[in-house]
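Order of writing sets the labels: A, B, C and D. Residues in every chain begin at 1.
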Amino acid sequence: MSGSMSVAGTVEAAAQVVLVAAGSPLLVGVMRQVKARLEGRAGAGVLQPWRDLRKLLRKEAITPDGTGPVFRAAPLVLTATALVAAGIVPIATTASPLDGAADLFAVTALLALGTVALALAALDTATAFGGMGASREMTVLALVEPTILMSVFALSVPAGSTNLGAIVNSTLHEPQRVASPVSLLAAVALAVVVIAEAGRIPVDNPATHLELTMIHEAMVLEYAGPDLALVEWASAMRLTVLLGLVANLFAPWGIASADTAAAALAALPLALAVFAVKVAVLGGALAAGEVFMAKLRMFRVPELLAGSFVMALLAVAASFFLA
Amino acid sequence: MTSVTGAALSASLGASLLAAVAGAALPRRVRPAGAGLCTAVAGAAAVVAGVAAMTGRSWSAWLPELLPLAGVRLAVDPLGGLFIAVTGAVAVCAAVYGVGYARPPRDGHGHGLDGRTVQAVLPLFVAAMLLVPAAASVSTFLVAWELMALASLLLVVAEHRHRASVGTAGLWYAVMTHLGLVAILAGLAGLAAAAHGESFDRLRAAAEGLSPAVRGAVFVATFAGFASKAGIIPLHVWLPRAHPEAPSHVSALMSAAMVNLGGYGIVRVGFDLLGGGPVWWWLLVLAAGAVSALYGILQAAVATDLKRLLAYSTCENMGLVLVGLGAGGLLLTAGARPPAALALTAALLHVVNHAAFKTLLFLAAGSVLRATGLRDLDALGGLRTRMPLTTAAFAVGALAASALPLGNGFVSEWLLLQSLIGSLGEGGTISAVTMPVAVAALALSAGLAVATFVKAFGTGFLARPRTPQAQAAAESPATMGVGMGVAAACCLALALVPAFTAPGLAGAVQVVLPGQDALTGQVTLRLAAASSTVSPLLIAVSVVGAVALLRIAMIRRARRRARLWDCGMGPLNARMEYTATSFAEPLQRVFDDVLAPETDLNVTPLAESAYLVESVTYRARVGDRIERRLYRPVVAAAAAVGEAARRLANGSVHRYLAYGFGTFTGVLILLAVTR
Amino acid sequence: MSDVTYVRLLDLACGAFLLAAVLVLWRRDLAAIVRLFAIQGAALAALVAVLGVHEGLDGHGAELLALGAGLAVLRAVVLPRLLRRAIVGGDVRETEPLVNVAASLVVAAGLALLSYAVTRPVVALEPSPAVRAVPVALTVVLIGFFVLVTRRRALSQVVGFLLVDNGITAVAFLTTSGVPLIVELGVSLDVLLAVLVLQVLTARMRAAFGGTDLDDLRELRD
Amino acid sequence: MTTTALLIAPVGLPLLAAASHAVFGWRPKTTAWSGAAAAAGLLACAVALAVAAVDRPRTGLGGLLRADALSAYMLVVIGAVALPALLASPGYLAAERAAGHTSAADARRYGILTQTFVAAMALAVLAANLGVLWVAVEATTICTAFLVGHRRTRHATEAAWKYVVICSAGIALAFLGIVLLNFAARHAHVPSSGALDWAELARHATALDADVTRVAVALLVLGFGTKAGLAPLHAWLPDAHSQAPAPVSALMSGVLLSVAFYAVLRVKVIADAALGVPFTRTLLAAVALVSLAAAAALLLKQRDYKRMLAYSSIEHMGLIALGAAVGTPLAASAVLLHILGHGLAKSVAFLASGHIQQATGSTRVDGARGLIARVPLTAGLFGASLAALLGFPPFGLFASELGMFRAGFTAGMGWAVAAALLLMLVVVAAVAAHTGRMLLGAHRPGPGAAALAGDVRLARSAALALTAALVACAALGVTAWPLHTLLDTAAAIIGAHP
C-alpha cells in the first residue's frame, strides 16, 4: 500500500468515525420516530436523542455509594470500543489503516469487550438489578458467540480471509454471490446476532421500564448524567456499526474502493451518504419489525439463538458442498 | 555439556536440588525464603535453557549409570525447550509467590506450608517437570513423569490436616495419575518393544515400518495417559478436586505447567515419534478436545468455588490445545502442511498463553484464600478496595482467560480459529464436517468463558463483601505481589506483542514439520496459511487511546456521591446482592440437560394448615455428571468385588488347603492330558 | 530272593501302605487313625527293606536296610507316639468331616486313577517292578492331601500331612532307592520337628480355643 | 580355604548369635545386639563372596555349599534386609516387654529362633543341592512357626497353625518334584552323587526325560511357590505376616519369600534347558497373574494394615514371578533388583507398622488415623516405604518394574504385562486409599481413634536403620553401579537362553 493510499485510508477512517459518532443518535431518533408513527403517535423527532445527550452531558457526574473504578471506567471502555469498531468496519472504505489490525473476529470480540465492561460495572453496583442484568447479558453473549463465529466462517470461505476489507472486496468483485444460499443463510443468522447484540426486540426491549424484563437497561440503572450519556451514545454507535456491518457485508455497493488515493477521497462523500441511507433503511425496517413483535421470555431466547446458529452452520456447510 | 542449553538446564536442576536441601535443612524462619529463592533461580535458568533450545541450541546427554537397567538419556530440542521455558517461567512466579504464601497469616493458624515436606518437595516437583520434556528415552521419560506425579501428589495433600476433602482429592489424583502412567507405560513400552530399542531416536526411526495396528494401539494408549494428565474429559475427574485442594502456588504449577506436559506428550509421541497417523487418531484428539473445552467451561460457568472454577477452566483450555493438535494432525494427514503448522503453532501458543494467565489467576485466587480463608465466590466480594493489587492481577488474568482483545488468550484463540476455518477445504469431507463443529465448540466455549470470568471477577472482587471474612481481608505480602506481577507482565507482553514468541514457536513446530513458518510480522500478525491478519498491539493502542481521549474529555467536573437506587425500601445490604450462583442460574437452566443439577426442595407447612408454609429450604448442587455416571459405578463395582473377594480369605484352613489341592490335582490332570 | 518273591513282597508292602491310607479316610476314632498311621510307617519300612534285600546285602542294599530300620523307628514308633500324646480329653473322635466318608472313599478311587494317569511317563521311563508301584505311592500322597483338606481335627490334619510325607518317601525309594543320605536325614529331621511344632501348637490351641476343631480357627480373615 | 570359610560364615555367624542367646539370654545392652552384628557379618561375607564368585562359582564343604553370582546376590539381599530388621529388634522387644506382651524367656527364644531362621535362609541360598535347599527352606518354616506364634494369643496360635500346615503341605509337593527330578536325572546318567546338584542338573538338563521333568517342574514351582507366597497356596501369608513380631514379619516378607523364589529360579534354569522356555513361562505367568489378582481383590476392602502389607508382598511376588516368566536377561536383572528393592522397602514398612501398632494398640486401618500428626517420623517412614512399594521413583522398585514391563513387551508377553498393569492399578488405588486414611488428616482424639499408648517414640537405632534402608532403596533406583557386574552375571545365570 502506497503512502498516499494510507493517508487517504486514514482520512476515510476518520470520516467513518465521525459519521458514526454524529449519526448514530440520529439513527436511534429515526427508529423511534418510525416506531411512534406506526403506533399512531407523533414522536419526539429525529433529533431527540441528541437533545437527550446534551441534557445528560450538562448534568453533574454521580458516583453511587460503594461503586469503584470499574463502574466509572466502564462507560469509557464501552464508548472507546464502539469508536474503534467504527474505525475498522468498512463503512465508507475498505482501506482503513486499522483494517489489517482487526478482522471480523476481532471486531466482534472488541464489541464484546465493551459489553463485558458494562456487565462488570453493573455487578460493581452490588444491586440485584445490576447483577440480574449482567447475568442475562452474559448468558445472551455466550450463546450468541457460536452464531457470530459461524457466520464469519461462512462469509470468510469465499473470500479466503476473515479480514473485513477482503470480504467486502470479494463481494464487490463477484456480486452474484450475494444471492447464493450461503450468503442468505449467513445474512439471516447475522441479523439475529445483531438484534441480540444490540439489545433489540425480541431479545431485549430498549424501551422497557419493567425491571424483571430488562437486560441492558438493568445494567445501566445506576448511571446518571455524563456517564449515562456515554452509555447511551455508545449503544447507539454499536447499533449503527452492527447494522452497517450487515449492510456492507451483504450489499457493499457504494463503498469507496478506488485504486488511487484521489479517486478514493473523491468517492468518500458518496460512500458516506450511501451508507447513511442503507443504515437508515435497515434501522427503519428493524423499528417497524419491533412494532409487530413481542419480546421473548428470557428462556425462549436460547431457542432463537439456536435457530440462528443452525442457519449459520448450514451456511458453512453450503459454502463447502455447493462450492 | 558446553552448550548454553545444557549448562542452563544443569544449573536449573542443580538449583532445584539445592532448594530441596534448603527446604529440608533450613530452620523454619528462613526456610520458605531460602527454598523459594533457589527455586526461582532454577526456574529462571530453565527459561534460559528453554529459550536457548528454541532458538536452535539443542543439547543431549547420555548417563548410563543412572536409573538401573535403562540409563538416563536427555535431549532438549526446540519443542522440549518450549515446555521447559514455560515450566521455568511458571516456577519463577510460583516460587517467589510461595515465599510470602507459606508464611502464616496474622491470625496464626498456618497451613503448614512452611513445613519441611512441602518446602523440599516443591523444588523437586519443578525439577521433575523440567526433566519430562528433556527426556529422550522411554525409561527416562517415565521416571521423570512418575517423579512429577509423586511430587505433585505430596504437594496436593500438603494441607491434609485442615480439610478432610484433601485426602479424597489426593486419592482421586493418585489413582487417575497412575491410570495415566499405566496407559503411557503400556503404550511406550509396546512401542519400544516393536522398535527394538527405547531411545527416542530409535523409536522415531522405527515407527515408519510398524504395522498400523501397533501404531494405533500405541497412540490410543499414550493418548489416554496424556489426556488424563491434561485433564481431558472424561479423564479429568482428578483435576477439579486436586487443584482446589492443593496450596495455591502448587495449583498454579500444576495447572499452568504440569497439565501442559500432557499436550507435550501428545505432540511428542503422536507427531514426532510416530510421525503422524491416520485420520481417526486426530478425530479422536479433536473430539476429545472439543468436548473437553465445552464441558470444562460449562462446569466452570456454574462453579462457585473460585479454585474449582479455575480448575475447570484448565480443562477447557487444554481442550482447546487438543483441538489445535487434532486439527494439525488432520491437516498433516491430508498433506496440507502450512495449515497444519498454523494449527500446531496456535496450539502451542495457547499452551504458553494459558500458562501465563492461569498462573496469574491461581496466584491471585491463593492471595484471596490466604487473606480471607474463603474460596466460595458466594461468600466473597468487595475485595477491590481491600486487596487492590490482587484485584488488578486477577483482572488481567480474567481478561486473558475470556479471550477478549487486550488479553493474551485472544491471540491464540484467534490463531486457532484461523487454522480451523482456513482448513475447511483442505482435508476433504471429513474436515468439512468436523471443522465447523470444532469452530462452534470453540465459539461457545469462548462465549461461556467470558460469562465465567465476568462472574468470577464481578462477584468475587467487585460489589461489596458478603461475609465478615471478606470484609476483613487485607492485601498480601510483597513477595506474593511480585510473583503475581511477573505473571501479569508476561500476560501483557504476550497480549501486546505476541510476535516475540514466533521464532521460538516456529522452532518448536519445525521439529515436527520442518521448513514451516506459520507466523510472521512484528506488530501485525500474518499467517503463511491464510490471508487474515490481526494486530493486538494496534487494537490495544486504539482502545486505550480512545479511552484516554474520552477520559480527558470527561474530566472537567467533580463527581458527587449518591445513594444507590433501592426502590425506596431502605439501604441495600450484602444479602441482596446477586451471588455467583444466581449469576450462573440462567446458564445452568439453559444447559440443564448437560449439567443435570441436583436440587432438593423441602417445604415444611405449618401445623395448622397445609397451605401456610413455615419454612422452605432449597438446595441446588451442580456435581460433575461424568464423575457421577462414569466413575461412581466403577468405584461401586470395585467395592462390590472387594467385598465379595473377602470370602476368598474367610479364615478356613480347609478352604486354603483346598485351593492348593484343587490346583495340584488340576495341574496333574492337565499334565496327564496334554502329554 | 527270587524276582517273583520280590515282586510279591513289594506288592504286599505297597498294598498295606495304600490300605492304611484309605482306612484313615474311613475311621473316625483318632486313636485308630494314629494306629493306622503306625501300620503305614511299618509298611513303608518293610517296603524299603524289601528293596534293600533285592539290591543285595553288599553296598547299597545294606544302606537301604539301615534306612528302613531308621524309618521304622521314626514313622512306626516315634511319630505315632508323639501323636498319641496329643490325644487328650474329649477330642478322641473326628467330628463330621467336610466331605463324608462314603464320598471320601469315592474320591480316593478317583485320586488313584489320577495318579495312574500322571505316573505313566515315570513308569514308561523305567518299567521295573518297583517303579510300577509308584502310582500307589502317589495315591497315598493325594489321599494325604485330601485328608488335610477335609478333616477337621488338628490331629487328623497332622496325620494327613504325614501321609503325604510317607507317600513322597515311598515314591523316592521306589524310583531311585532314595534321595542322597544327607537329604533324607534332613527331611526326616524336618518332619520330626514339624510334628513337634504342630503338637505344641495343638496344645496351645486347646488352651486358647478349648478344643482342636480347626473350624474354630477362623478369627483371622478379611 | 578362605572360600570355604566365606561359605560357612553366613550360616555360622547367625548360629553363633543364636548360641549366645541360648547361653546368655536376651540382654538389652549386650546380646540383644549380637543378631545385628551377625547380620552385619553376613552382609560383609556376602559382599566378599560376591567379589569372589562373580567370575566363577565357588564351592566348599565337599561340594555341599556353592556360591555363584546368583547365590551371592541373594546373600547380599538377606544381609541387607536382615541388618535393619535386626537393628530394630532390640527396640521393638523393649517396647513389647514394657507393654507386657513378652517375657524374658520369650525374648530369649525370639533371639534363638530369629538367628536360626537367618542361618537357614543363608543355607538355602548357599546349598549346592536341591535337596539341601529344600531342607533349609522347610527349616525356615519350623524356625518361624513359634515366631509367628510369639504373642501366644488366639490369633497368633491360629496363624502359626495355618502357617505350618499350609507351608509344609505345599513344600511337600516341591519335595515330590525333587524326587521325580532325581529319578529323571538318574536316567539322564547324572552321577548319583550329583543327581540333585543344580549345577549338574543344569549341565545335563537336555538329557532329562521331558515328560517326567515337566511333572517335576510343575510340582516344584507350585511347592516352592507356596513358600514364596504365590497363589494358590498363598493364604497363610497374611495371617502369618500380620501376627509375627514386626522384625520377623520384615524378615519373612522381605527375604524369606525371595529365598523360596530363589529355589524356583534354580528350577527354572533347569526346566528352560530341559523343556524349552514356553513351559515355565506359561506356568509362572499363570501363577503370577492369579497371585496378582488375588492380592488386588483382597486389598480392595482390606481393614488391617499389616494384612495389607502382606497382600502387597503377594502382589510383589506375583510381579517377580511374572518377571521370571518373561525370563530374558533384562527381565532377570529386573527380577533380582526387584527382590532387593522389595526386601528393603517391605522390611521398612513392616517395622514401621510394628511401631504404629505399638503406638495405637491396633492393626486396624480405622484405628490409626492422622498418623502424620501423631507420630510424624514413623508415619513418614511408613508412607515413604509404601510409596516405594507402589513403585514410585526414585525407589528401586520403579526401575525394576519398568525393566520387567519393557522386557515383557519385548518378549511378546504384552497381554500378560497389560493385565498385570491393570491389576497393579487396582492395588495402587486400594493401598493409596487405605494409607491415605491412616496417614492424613488432623489428629482428633475421640472414640474413633485409639488412644496413644505410653512412650511412642521410635527407638533411635530403629529410626536410623529404617532411614538407611529407605535411602538404600532409593539409591538403588538412582543408580546400581556397585551391583552392576553382580547383577549382570546373576541375571545371565537365570536368563541364559536363546
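Just so we're on the same page, a residue touches a chain if its C-beta (ideal position, glycine included) is under 8 Å from a C-beta of that chain, and two chains touch if they have at least 3 such contacts.
Remember, predicted model here, so these are calculated numbers, not experimental data.
The chain pair with more C-beta contacts between its two chains, of C-D and B-C, is C-D. Subunit C has its Cα centroid 100 Å from the Cα centroid of subunit A. Remark: subunit C and subunit D have CA centroids separated by 31 Å (rounded to whole angstrom). Our note on geometry: subunit B versus subunit C, Cα centroid distance of 68 Å, whole angstroms. Chain centres here are Cα means. That of subunit A falls 36 Å from that of subunit B. Multi-chain contact residues, meaning those touching two or more other chains, occur in subunit B at positions 645-646, 648-649, 653, 657, 660, 664, 668, 671, 675. Counting only residues that touch two or more partner chains, subunit C has 118, 121, 145, 148, 157, 214, 217, 219-220, 222. The chain pairs satisfying the stated touch condition come to A-B, B-C, B-D, C-D.
By the touch criterion stated above, subunit A contacts subunit B in their complex at residues 60-66, 68-70, 72-73, 76-77, 79-81, 83-84, 87, 98, 100-103, 105-106, 109-110, 112-113, 116, 119-120, 123-132, 134-136, 138-139, 141-150, 152-153, 156-157, 160-163, 166, 221-222, 224, 226, 230, 298-299, 302, 309, 313, 316-317, 319-321, 323.
Residues of subunit D touching subunit B in their complex: 161-162, 165-166, 169-170, 173, 211, 214-215, 218, 222, 226, 231-233, 235-236, 238, 294, 297-301, 330, 333-334, 337, 370, 372-373, 380, 387, 391-394, 396, 398-400, 402-403, 405-406, 408-410, 414, 417-418, 421-422, 424-426, 428-430, 432-433, 436-437, 440-443, 476-481, 487.
Those residues of subunit B that touch subunit D in the shared complex are 65-70, 117, 138-139, 142-143, 146-147, 149-150, 157, 160-162, 164, 166-167, 170-171, 174-175, 178-179, 182, 185-186, 189-190, 192-193, 196, 198, 638-639, 641-643, 645-646, 648-649, 653, 655-657, 659-660, 662-664, 667-668, 671, 675. Contacts from subunit C toward subunit D in the complex involve residues 118, 121-122, 124-126, 138, 141, 145, 148, 154, 157, 160-161, 164-165, 168, 171-172, 175-176, 179-180, 182-183, 186-187, 189-190, 193-194, 197-198, 200-201, 204-205, 208-209, 214, 217, 219-220, 222. On subunit D, the positions that touch subunit C within their shared complex are 64, 129, 131-132, 134-135, 138-139, 141-142, 145-146, 149, 152-155, 157-162, 164-165, 168-169, 172, 175-176, 178-180, 182-184, 186-187, 192-193, 195-196, 209, 211-212, 215, 238-239, 242-243, 298, 301-304, 307.
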